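The letters A, B and C name the chains in turn, as written, and every chain counts its residues from 1.
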Amino acid sequence: MSPLTGIAALQERIQRLEDHQEILGVLAAYGPAVDSGSADAVAELWTGDGSYTYSLGDGEATLTGPEDFRGMVHGPSHQKIIAEGSSHFLGIPDIRVSGDTAVATGYSMLVRHRDGTDPGYYVDRLSANRWELARTGSGWKVTARTNSLLDGRAASRQMLAKAGSAAL
Amino acid sequence: MSPLTGIAALQERIQRLEDHQEILGVLAAYGPAVDSGSADAVAELWTGDGSYTYSLGDGEATLTGPEDFRGMVHGPSHQKIIAEGSSHFLGIPDIRVSGDTAVATGYSMLVRHRDGTDPGYYVDRLSANRWELARTGSGWKVTARTNSLLDGRAASRQMLAKAGSAAL
Amino acid sequence: MSPLTGIAALQERIQRLEDHQEILGVLAAYGPAVDSGSADAVAELWTGDGSYTYSLGDGEATLTGPEDFRGMVHGPSHQKIIAEGSSHFLGIPDIRVSGDTAVATGYSMLVRHRDGTDPGYYVDRLSANRWELARTGSGWKVTARTNSLLDGRAASRQMLAKAGSAAL
């Protein structure tokens, strides 16, 4: 092995490690951004045409692009949640990188505070999460995130079952 | 320092980083596998003779080997839990690698959905976790996982107290 | 690029990766230490003059230095919590390293067990967390941790909003 060959091989391994670490950082940045009402910081986690699909009733809704993300954060429903106290709490995700794209699969909980006669904290939403990401000129960005409530619907189990596959 | 010596030193540091990242990936893969009922994917996280010990009543029970793991996933109790909606939710683990073995210590919550007159999500089980792992020809695998309910039993605190020790 | 130049560049990238991994390890070690009543292990996560500020009523309280940390762990309030069963549960943190200092922003939940007529597990406290750390001769240590309850107080949202900034 020549030193140069060795260096090229190490560079590749380091790049893979950096990819995983950066992607973990993108996911970890979501909660603080959204729970503090930092609309621009939320929007910047996605690519310009990135999307976020989440469960709404028995179906789902989709936000696309920075205006949608900022509108969600500034909207009355989200403002009420964060004013009362909230955490978009993420566990450790399963991250699979394939070249310039990646998929992270995991869970999120929306944990909220309530005042009143029975004050305390409770899990308001529990979702399976699929984050699709791409390497861009300004780092890894989310191209499509899908959240599916873990309330018994089959789509959530199907999403989780895909975690280990290379499907991108 | 000669370039070659430098490269050997870097290789070791990269290997340690990769070990941690891989082990985090093994733990992160458990939830999506078990909550989607992917019995083979669950079994493949362990070595062929790997074990999983968990609290049962005031005592404990142990599964050993892929048939046991597949049987647990396919069993009526687990099938009911995932059909209703569940997350085996893991926080960030304390990972200690020592050569070809490792110990990860942390927490898991089984968060479940209930329908009925008081629908919502609740923490059904909260456990201290000790994952013992080994480097194998197909990556890091779990050799022994022990979950101990955080319901006041002393064994759980004793398990957590061992996290920082090098004991392997 | 000469091999040596290449090695120096790789060393820097590896160092950054190690910094993140070590800092994640410091945070991950907190729960097992505090939930097992390992007072020395808790104290050793901080520098000798490190501090921990947390919400108390509508205000806050601060512990400073190892005697304070050991006193907290050995105190009757904490001893009761861990005897009944508890997890100081952490999600994935947003880690920003700048030379020899770092800030990690994230969430913690104190999940507890209760016996009695309605036995089970519940979220007793939910906090925004800001961990300030420094590189020391014995690894990364916490210089100042601040926990702010997510019960609607503005300070918690302000803390989370600072996660993405370089402010150190």
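Here, a contact is a pair of C-beta atoms (placed from the backbone, for glycine too) under 8 Å apart; a residue touches a chain by one contact, two chains touch by 3 or more.
Because the structure is predicted, anything quoted here is derived from the model rather than measured.
Put simply, subunit A has to spin 120° for its C-alpha atoms to lie on subunit B, with the angle rounded to a multiple of 5. Counting every residue number used by either copy at the subunit B-subunit C contact, under half are found in both chains. Averaged Cα coordinates give subunit B a centre that lies 22 Å from the centre of subunit C.
In subunit A, the positions touching at least two other chains are 3, 7, 10, 14, 17, 91-93, 122-123. Residue ranges on subunit B touching subunit C, taken from their complex, read 3, 6-7, 10, 13-14, 17, 20, 91-95, 105-107, 109, 122-126, 128, 149-153, 156-161, 163-164. Within the complex formed with subunit A, the residues of subunit B that make contact are 3-4, 7, 10-11, 14, 17-18, 21, 24-25, 27-29, 31-33, 35-38, 41, 82-87, 89-93, 111, 113, 115, 120-123.
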